[in-house]
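I have a structure here, written as structure tokens, and I will follow up with some questions on it.
In this document, chain identifiers A, B, C, D, E, F, G and H correspond to the written order of the chains, with residue numbering beginning at 1 in each.
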Amino acid sequence: MNSEVRKLLESVKKGETSVDEALLQIKMAPFEDIGFAKVDLHRKIRQGVAEVIYGAGKTPEQIAGIIETMRSNGQERILITRMAQEAADYVGRLYELDYRERSRVGIIGGFPAPDGIGKILVATGGTTDIPVAEEAALVAESLGNEVVRIYDVGVSGVHRLLSHMEHIMSATVIVAVAGMEGALPSVIGGLADCPVIAVPTSVGYGAAFGGVAALLSMLNSCASGMSVVNIDNGFGAGYLASMINHMEVKG
Amino acid sequence: MNSEVRKLLESVKKGETSVDEALLQIKMAPFEDIGFAKVDLHRKIRQGVAEVIYGAGKTPEQIAGIIETMRSNGQERILITRMAQEAADYVGRLYELDYRERSRVGIIGGFPAPDGIGKILVATGGTTDIPVAEEAALVAESLGNEVVRIYDVGVSGVHRLLSHMEHIMSATVIVAVAGMEGALPSVIGGLADCPVIAVPTSVGYGAAFGGVAALLSMLNSCASGMSVVNIDNGFGAGYLASMINHMEVKG
Amino acid sequence: MNSEVRKLLESVKKGETSVDEALLQIKMAPFEDIGFAKVDLHRKIRQGVAEVIYGAGKTPEQIAGIIETMRSNGQERILITRMAQEAADYVGRLYELDYRERSRVGIIGGFPAPDGIGKILVATGGTTDIPVAEEAALVAESLGNEVVRIYDVGVSGVHRLLSHMEHIMSATVIVAVAGMEGALPSVIGGLADCPVIAVPTSVGYGAAFGGVAALLSMLNSCASGMSVVNIDNGFGAGYLASMINHMEVKG
Amino acid sequence: MNSEVRKLLESVKKGETSVDEALLQIKMAPFEDIGFAKVDLHRKIRQGVAEVIYGAGKTPEQIAGIIETMRSNGQERILITRMAQEAADYVGRLYELDYRERSRVGIIGGFPAPDGIGKILVATGGTTDIPVAEEAALVAESLGNEVVRIYDVGVSGVHRLLSHMEHIMSATVIVAVAGMEGALPSVIGGLADCPVIAVPTSVGYGAAFGGVAALLSMLNSCASGMSVVNIDNGFGAGYLASMINHMEVKG
Amino acid sequence: MNSEVRKLLESVKKGETSVDEALLQIKMAPFEDIGFAKVDLHRKIRQGVAEVIYGAGKTPEQIAGIIETMRSNGQERILITRMAQEAADYVGRLYELDYRERSRVGIIGGFPAPDGIGKILVATGGTTDIPVAEEAALVAESLGNEVVRIYDVGVSGVHRLLSHMEHIMSATVIVAVAGMEGALPSVIGGLADCPVIAVPTSVGYGAAFGGVAALLSMLNSCASGMSVVNIDNGFGAGYLASMINHMEVKG
Amino acid sequence: MNSEVRKLLESVKKGETSVDEALLQIKMAPFEDIGFAKVDLHRKIRQGVAEVIYGAGKTPEQIAGIIETMRSNGQERILITRMAQEAADYVGRLYELDYRERSRVGIIGGFPAPDGIGKILVATGGTTDIPVAEEAALVAESLGNEVVRIYDVGVSGVHRLLSHMEHIMSATVIVAVAGMEGALPSVIGGLADCPVIAVPTSVGYGAAFGGVAALLSMLNSCASGMSVVNIDNGFGAGYLASMINHMEVKG
Amino acid sequence: MNSEVRKLLESVKKGETSVDEALLQIKMAPFEDIGFAKVDLHRKIRQGVAEVIYGAGKTPEQIAGIIETMRSNGQERILITRMAQEAADYVGRLYELDYRERSRVGIIGGFPAPDGIGKILVATGGTTDIPVAEEAALVAESLGNEVVRIYDVGVSGVHRLLSHMEHIMSATVIVAVAGMEGALPSVIGGLADCPVIAVPTSVGYGAAFGGVAALLSMLNSCASGMSVVNIDNGFGAGYLASMINHMEVKG
Amino acid sequence: MNSEVRKLLESVKKGETSVDEALLQIKMAPFEDIGFAKVDLHRKIRQGVAEVIYGAGKTPEQIAGIIETMRSNGQERILITRMAQEAADYVGRLYELDYRERSRVGIIGGFPAPDGIGKILVATGGTTDIPVAEEAALVAESLGNEVVRIYDVGVSGVHRLLSHMEHIMSATVIVAVAGMEGALPSVIGGLADCPVIAVPTSVGYGAAFGGVAALLSMLNSCASGMSVVNIDNGFGAGYLASMINHMEVKG
């Protein structure tokens, strides 16, 4: 807005543009040129961290095209989530891609140095929850966070979880990933003194209903300081965790 | 059957009853007189223990009537579940009734001495789950079991549960009662080496859906040796626990 | 643990306690005395802030009893959520209670000075969502946060929301409360650059299904940095918002 | 009816047919010959516009057969929805077919000139909603409407939507297509002063439940002047929008 | 905007305000002063018609207060939906209120003369659906529409419906209200050649699930030109019907 | 139709009415006068049997009014279902009413002699299902059927059911009523060689979901010759059973 | 039972078998030898009609094996439902099989002459419902019924249905098959004076939920004399229709 | 713990380790070294029985790896559930594997001699439930139980079930497996006097909803002594049955 509206105002000042005409132009100006200037701050992610591409439903060519655009705009680090093997093969022929098959995440340009206020802990109930957890962990790492992983520490063997007490107590924010009964975040939430982001996964069968059982379990947790994201939404958890881990004093 | 059919056979033997007539009588005999003789064993609960009346949907007069019949049949101990205060008042005027308001359970004739193979542990996640737990505990006690109660040991403060490790390890069967996220049985199931009966309760609000969240959580538990009864079904859990706690070598 | 186990070790050192006996005592020590020492940190809420009592399902007498215990333990500020008018009347006769009828929240001892890193914004879609929002806001205030309220800014009149752009952009964390279509958090999440905690409410009728429509809408939001708590869970949102607004660099 | 029943009545008048026989024939007359004459008006779509074939579940041969019949009846413009690539290939070898792969819509005979009272705006929340939106847009165009498309203007970036304010304000009827949280129609409905037809899509994962989350969100919208069609029902929305855009004074 | 921004621009022109300062003021201007000017058009309902108050969840005093404000702003006709008897009694003591008990609708100032392009038909499946239908009908009448009512013409006696063929064929828009199996709109939609707004009601028991059966039935209708509003949402249907019945050619 | 249309045709024959005028009158004739003549046969229930009034949602005065109309039309036997005590009191003061409190059914004029082709068996799983079963039984009796009742023969004590084998094998049609697990119709359906109408009841708690568990159980039965009506729909089952029990050879 | 138990009794009479031994043998006798003799009557389907094999989940070899067994037992007519093309090919090489691809039904030995008391009408809402309808029709025909088919007479074009009024009025029992909104059985049920068996189909998309919308619609029908079978259960409907169409006076 | 902590304490006693250092080490000691010693008892399955591997979601190589580890630890008997044919082929080339295709269970090292207190009965409603039942049976056998199988004894032919009365009466614990209406466990539960573990299966179509109908039916059973595991969870039922069949007196 600065440039365009300023020019207009200066033109009004000089008498080159009539008040009526200026009024019309301001009214017609795209919203983002006026009040939404700040919105772009929102999108301006911290220097050096990765941009994230949601790969699901995009063809290999489309993903490659977005990458090309980003890189031509100076973005060096790019992380692609839900990237099919096929897309990874295609993109891998064009760029130096670090592809993690299990979590279907691809990374270009490596990870930035962590600059958060602490560490993010990512925990899973079982081994089958790891792909979702890795999506969260890699997203967080690509956004400049140190991530500690404790996997397969489900509540039906709670001593496994308790042996990681140090990590739980020292985390700034915890991402707890679980399918089936989805009880891990509740137990962690009762132990930790930091925000816990619960991620239900679609792991399970029968009455697991594709993650609904875990989702309901998490929404009903009596542990304080906990909130929930969508089923299998590792990206959302990693992004939010990074946001919390980069909290700063405002105004 | 013994008496009636025996008499018939003897009558045939003596020639007092023709074969045709005997054939007809056997065919017409109530099923329970023939193959179902054993069924009655099923109903013949061990000597001295209580009969249980399900009080819901019965008027005070109906409950009193059933008690009268039972007692005239020599049954001294009677336990009434889901007994409204109004029914307790009515019955209490007729019999010496020990009424537990919170669990809506009434007992006539006191409790028998425990004769199970071990102790039944009844645990709850929160204090609001206690009425259901007490229904289970009192049913079990009325059927001749020693019951240990550990209440309000929910998973969002797992150290409270762990401080009862001795009870968990020494129980013969555990009834784990929880609403909301319903994770307690999973955690207990991972610690204990005995059958765990999970009881979801309708405690909670919002996405608890009247106990459905807890029910699903329990059905999806990855802890071995665990099974589930209906929401708020303290009676069913107590009855089954007693059955397991009275297992004996069969033939 | 420090004191008790230290004494034990010193006693071993001095030969007053045998190794075997010490071994037994350590093994039997309540869990919280060993690894769970930090757990208490979790419960040690920052100096001066309120303790919160969940009033639902508690009798006036029970609430008064808990307050008495807390105050005798030196807790001056106490906040009671989901407090019925009847309980407020009872407690109000014993203590100087500031009772907010609409949100069913009662406060004893007033609010502490805010000491968070910024402001918490609490927004609602409609006027009927305000009770839940106030629960969140009052919980946050009682935990030492400055709270800005913008109510009735639902998405079916998005200009109302946009006129509060300054508040949205300057918040440290936002609690967005909405029933019916539950779209408010998504719109706010797209505008803000801070964590957004979405609270579905049971406001609505028909296919609102007691908050389920709003809950699903929020779980499926494509806005980044957003997470969800249970339907009507103002307390949970306020508590988590306070936790995020008090983030500090850890070790 | 005119001809047949008139002939019968004249035959009665002349005495050629008895009253009894006429009574019988009238009773037996197909319903459509009597009161349902008007029903056909309903099917008589305005001159020059396309007939629409619902292609799902029909073989290429069946579709080709229907096209043949329609064309032999003088219908020049035909639009096929939910047309598989395979069917398009088959039909394309027989007729000059304009096939839109993404929306699976095929057109024979091109589009008629718009003759509605205004423009129909078709908007989508994301890019993955476009196939459904295109089905709506192409159906509307084939029925003689001018369609303005604004795609990927979802509510998690509301400024994108607001930059199209002119289109929203000048539309006669709006078709708002969205999956996931389904909030787009609510926001548009709050801005526009014309009927808004909301189309939930099955886009999304986890708790999106194949479009149910979006559907519920739309049904619960507090925006006035809005109604909803089935999940992914682009055809229904386009057809209804055209009907509204061709409203005329009756009687 | 006209006045304020114009003044600002004139002030810039005269050199009384610097370009920088003007830039800041424009940036800070409330959104409604810029692009949202038109939004108010949206709220400017046609001269003479009623404003509608949603009475649910409002106290008699609150409703009376809103009425007072509206009337002091020159609004003479006011319609209150979901108005409890108690509120009607209260308001009736202050204003000349025409209260319809069955539909819980109250009207102040009577109805305007109809000025739509045709008639709105409101039909119900059963007699128990009438309150919802009346809400729709009265809302439409209060917004300046002629309404024809055909009640209790459910599909399990389709000849009752067919005897109203003239009304169905001559309507500009139809509001079809039904609970239980909710089939009425489908049958009407197959007969009529105008938009049909389907309103499911919560009438029924058992597997009616409070209107869900009817809602699903309507969403899945194969009749063209039909759309659905929320369960029991008579207001929404009446408002939309009026909007369609007042369609005009737009610039 | 006979009279009216015949008169019209005779008038045409005589030349008193023109063909055009007759054409118009026939077109305008109510549908029931033409093709729907037979529909009335449908409503003409066999001589002497009762008319049934669905009492739910009707005031005592409304019910009395309908009864009055029916009786003035010569209907002597009237059965009212879902009749509240209050309505029974009111109606009982005006007519000789036989009111069954448990099933909320009232009868005026007593029952007709049975004239069906056999007996209808009505069975229930438990005692709490009896009100629904009695509604079915009384409806069937009021429509001229002999009804055999076997109550409380639920599948968790299958020998109770088997002791009624004679009744099961000799019934013409069976109405099987059950709540909770709803298994009774399946077991009966496997034993009987006649149509079985399954009626789920809303009896139960927790995961019974108001009859949904029983409904699903019945819909999934592998017993042949079985069909299902709505939850608690005793009337529907009794009516259908009577219809089947009065099957006759058709032309 | 006759033979075996008679022999035993005679042996007792003769003194060849002791009473004790006879008692034991009777107790051990298979149930079907005693009370269940009649059960076999149930399975004795009328002379000449087909046996039905449910083909789903059976291999071609398994189906062929069952056919072989049946034929070696003298069964000449065999109907196989849900028979995959692959199974039809395999069986067709061994037997003279009449395979109907669309309904996946295969017939060996042709159809018996109809011997029911009237005609069964099978109707569908759309063309996609025909496979399920054909399963019902062919099952009924194979069991000795005359079947009239009226397909694609859905309620969104009710005049199509009404033109078949003669068939509706003259049927003994009607099978009404519909997916999507499932309204066909309700409309037919309101016209016909015979039992209507409603069959929901899984036809549809979005909020059709695989037949649930149609199922609920049918369960909530206000038409009398109607009942419902499982989604897509053409076999069940055809079997029950045949049973009703063969009703005879009993005892 | 014994060794490590004892050494530490002795070191403190000797003055070789300071109290502070010892304090730190104890605090850091893995949880399992202190209170969780007993937990391992839990995992110590009885001598000679099999370890069970859950094969779902594991590659053939992963399964082989786990087997290798187990065998190198001296475990001779290993049972793999949910083992794909492909995995069986792979593992079968490395070890002597007994693979049961229908139940997808593989066994290495054969079955141990039964040492339970009685027999486990495994029953199914239909033949399609057998794979789940076999999983339960083979798990139980691999854990040292004698298993009796009675398959295809569903409730729609209850005499088949009753002919196995001897087995039902003599079992120590019963696993009842059923899909569709899921009524088998209820009927068995009413006959037996031992614990019944109900296993719903995903067998069925339409309103079976993948096992939900059976699950709900089982949860609502009125038979005492019954509990439920997840849909298709044969392993869980077999494991729990074995646990109950090995109950011993404790303490």
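Just so we're on the same page, a contact is a pair of C-beta atoms (placed from the backbone, for glycine too) under 8 Å apart; a residue touches a chain by one contact, two chains touch by 3 or more.
The shown structure was predicted, so the numbers you read here are calculated from the model rather than taken from an experiment.
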item: From chain B, the most remote chain by mean C-alpha position; value: D
item: Centroid distance [mean C-alpha coordinates] between chain G and chain D, Å; value: 39
item: Length of the line joining the C-alpha centres of chain F and chain H, rounded to whole Å; value: 50
item: Centroid spacing, where centroids are CA-atom means, of chain A and chain C in whole angstrom; value: 24
item: Residues within chain F bordering two or more other chains; value: 31, 35, 39, 162, 191, 206-208, 212, 215, 219-220, 224, 230-231
item: Chains that touch, pairwise; value: A-B, A-C, A-D, A-E, A-H, B-C, B-F, B-G, B-H, C-D, C-E, C-H, D-E, D-F, D-G, E-F, E-G, F-G, F-H, G-H
item: Contact set on chain E toward chain D in their complex; value: 35-36, 38-39, 41-42, 117-119, 162, 165, 169-172, 191-195, 197, 215, 219-220, 224-231, 236-237, 239-240, 243-244, 247-251
item: List of chain G residues in touch with chain D within their complex; value: 128, 157, 159, 162-163, 165-166, 205-208
item: Touching residues on chain C, where the partner in the complex is chain B; value: 30-32, 36, 39, 56-57, 200, 202, 210-212, 215, 230-233
item: Complex contact set, residues of chain C against chain H; value: 1-2, 5-6, 9-10, 12-13, 15, 19, 22-23, 26-27, 31, 34-35, 37
item: Chain C partner contacts - residues on chain D that touch it in the complex; value: 125-126, 154-159, 162, 180-183, 186-187, 189-191, 204, 206-209, 212-214, 216-224
